[in-house]
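Following this line, the structures themselves.
Look for chain A in each of the two complexes below; its partner is chain B in the first and chain C in the second.
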Partner chain A sequence: MTSGFGAALAIAKKDIVTQFRKKFEAFSMFLFALIAVLAFSFAVVTGGVVPEEVGSALLWVIIFFTGMFGFAPIFLSESETGTLRGLATAPIPAWSVYLGKVIYGFFLMGLVEIFLVPIISVLFGFSILNDLPLAIATLLVGTLDLAAVGSMASALTMPSESKATVFPLVYFPTATSGLMLLIEITKIIVLGPGLIPVLLIFEILLAHLIAMLTLSASVFHFALSP
Partner chain B sequence: MSTKVVIAENLTRRYGYRVALRKVSLEFSEKGIQGLFGSNGAGKTTLMRVISTLLRPHGGSISVMGFDPQEEPEEVKKRIGLVGDKLLLYEELTGIENLRFYSKLYGLSSDFFESQVQDLAPRFAIDTWLEEPVKNLSTGLKKRLDIVRSLIHNPELLLLDEPFSGLDKDTTEDFQEYLNEYRKLRTTIVTTHNLAFGADLCDEYVTLRKGIVVSQGPISEFDQTL
Partner chain C sequence: MSRTRLIFLAITAVISLLYVYMTWIFSPPDAILGENVRIFFQHVAPALVSYGLFGGTLLCGVMYLWKGDLKYDILGAVSIKLGLLFTTITLLSGMMWADAAWGTPWNWDPRETTTLILWVAYACILAYRASVSDRESRAQFGSIFGIVAFPMVILSYLSIRIWETLHPIVIEPSGLQMEVEHMMTLLVAMIAVTFIALIMVELTYKVDSAQEKLMRIKMERS
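Moving on to the complex of A and B:
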């Protein structure tokens, strides 16, 4: 029998291959992010730079809303086409389906961020990349946190008839606490040396991520078998 | 006395206030083709979903191959194959990619997977279509591929929910031939509202009406006029 992690990787790989062939979500996400960055750069940037604390918030707000395009269809497409039954009747633990979708969501968002973050950095005159290891760690954990919340929100939205309304109602409140931490960490990174305060908040962010992953994974079987 | 593969006692399942299964008690014998008959809305699909772990019953008990689908879902899942009203295929993937994906979820070895594909694909005349994306296949070919998907792990119990609806004559004959060949080796439960067809195919039957078992027994005792 396949291990839960093996099944999660197979599900993530299947979704990534599908995404590369369909390109719809990735394209929508990137286009939205680009337009948002351009709009903010015209509105907020003065003298070639944006105030650092504003830039920190803008970066994560753009990533947060961009994620909506990618995370919302994570389970909805499987639910609508009926393929979710194939996953639900496979001899794999329910958490592996959730984990597979989180990995896919993380990959999709990461793909957009690879282009988005350098563009933001240049257009906003924003120094997040000054401390590259910490910036990368924050982006990795932050994106994983948003993918964990977004995937669960997508799963919880499945039974609803008003999916477009319900998804943000679930995603916004659950992701906001992580979002605040990410903005705070990014602000400290760009404002100057402050490794100790960053690490303290980073620990809270990690705890948030672990809590979201374990809580969602442990109750996910209810989403698959109502 | 033959072994029972499914035993349900006082099984109840509701959708809101509507009762789909009302204290259903029935047994399906091991091996052979067992028919689950009834008109639309009789509760056939609901019962199949409970057997396949997709739905939780609200009352009563059920045993599938000696396992409780709610307590030991993975034991049930690895022993069943399901063909339902919706195809469990990913449109962007090719036929072979779909089959390989499911083989990973079922933990099949490469050798076993290859031998199953070599056996099943020509039998259902999809061997020349396996490299095509599913979205390019006709409805009949997709249905054939979905049948192969359900058989890829050589399930002990095959659950077929209205499997012949939408199938052309050739596919129906190929599938019936396959079911007949495995009649003594595997248990197959088939739902159908076509009673004449069901009477020809099955060894035993259960008839549901409005969520209640109205008759069950060997097919020789089946009275289509009831």
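Moving on to the complex of A and C:
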């Protein structure tokens, strides 16, 4: 029997390879993010500039919405191609299927963010270089948090009759708590330390990630069983 | 009606009357908030009860996944519906208080915002449940959703400690930061609203269970 982590990596690898064959998904996400930047610019640009705190907050709002495109098909594609049964009956623990999908979601969003974050910071005129280690840690933990929530949300949409409509209904309630923390941390990185210690919020974000991963992984076998 | 239920209803009626008396007559005006402090009791008690009801959804979700008994799923859905009702009361009484204390009914205060997000989040669970027609799947996936949505409740509770807020921090590790009369009134308000919520949970559960049975009979006949 394959170990749980080995199986998770194999599932993630399978999805990444499939993604590279398709190519359009990550590119479409990137284009959607740029469209969102332009759409938001009509509302927030005044006198040719965007207030730093608004721009940095919009970074995560755009990543949040872009995630909808990336995470929604995570289980939907398995369900449509009929491979979900295979995953459910494979001699591997159910949590490894979930973890594999989280790793894939993290990779997909990370790929988009590598291009997106510098572009958004230039266009909206803010810098996350003030505290680079914290900025990188926030991007990593934040993306992983959204991937953890997005993968679970995708699994929850499977029994629904209107999957495309329902995904945001599941993604929003579970992802918003993390999103609020991410926006707050990024604001502090950009504007400098405020009254609230940034490490406290980062610790809460980390706790949120651990809670989401643990909760989702521990109940995931119920989502895979018929 | 059983004797135990009658006694419980009588106790609830007495405590509810005491709650009304203490809120409007016994409790003195606050040094800063004046008479507006009376809204506080209609605001905090439903807020804490709504947190408890959403906690009930989490608990029922775990119990359903563990035992597989549909009654836990019905009870979990009832907790969401009543949690939404009490959150609505919290939001409306909070808006009245905010208008009196801060000049506008809505200030985008972190506690206000997270409470509204909480309302939307649990309303999303109800909408999600309605989109799943298979009864077993609705119970199974609805339970999972009720479990993974719970961190939002914790964040809403902690919001006044994480962000700069207009809301005063009343509950400290050292105790409640308020006058003794207000503390007593809040305690009675908490007990009264909890008892009222429990009666509503029982009634709604009975109605929903009857509807469930009716649906099953209809399905069997068709």
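Simple rule for what comes next: the second predicted complex is superposed on the first by the 211 of 226 C-alpha atoms of A that agree within 3 Å, B and C clash if a C-alpha of one lies under 4 Å from a C-alpha of the other, contacts with A are read in each partner's own complex, and residues count from 1 in each chain.
Throughout what follows, a residue touches a chain if its C-beta (ideal position, glycine included) is under 8 Å from a C-beta of that chain, and two chains touch if they have at least 3 such contacts.
Predicted model only: the values in this text are computed from it and were never measured.
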item: Contacts of A:M180 with chain B and chain C, given as first, second, both or neither; value: second
item: Contacts of A:L206 with chain B and chain C, given as first, second, both or neither; value: neither
item: Chain B versus chain C as contact partner of A:A7, first or second or both or neither; value: first
item: More chain A residues in contact - chain B or chain C; value: C
item: Which superposed partner A:T18 touches (first chain B, second chain C, both, neither); value: first
item: Contacts of A:S160 with chain B and chain C, given as first, second, both or neither; value: second
item: First, second, both or neither for A:V61, with chain B first and chain C second; value: neither
item: Partner chain(s) touched by A:A88 [first = chain B, second = chain C, both, neither]; value: first
item: Doubly contacted residues of chain A, that is, touched by chain B and again by chain C; value: 225
item: Of chain B, residues touching chain A in the complex; value: 52-56, 73-75, 77-78, 80, 82, 84-93, 97, 101-102, 104-107, 133, 149
item: Residues on chain A engaged by chain C in the complex (per definition of touch); value: 149, 152, 156, 158-162, 165-166, 169-170, 172-174, 176-177, 180-181, 184, 194-196, 200-201, 204, 208, 211-212, 215-216, 219, 222-223, 225
item: Chain A residues within the chain B interface of the complex; value: 1-2, 6-7, 10-11, 14, 17-18, 21-22, 81-83, 85-93, 221, 225-226
item: Chain A partner contacts - residues on chain C that touch it in the complex; value: 65, 114, 117, 120-122, 124-125, 127-128, 131-134, 137-138, 140-141, 143-145, 147-152, 155, 158, 162-164
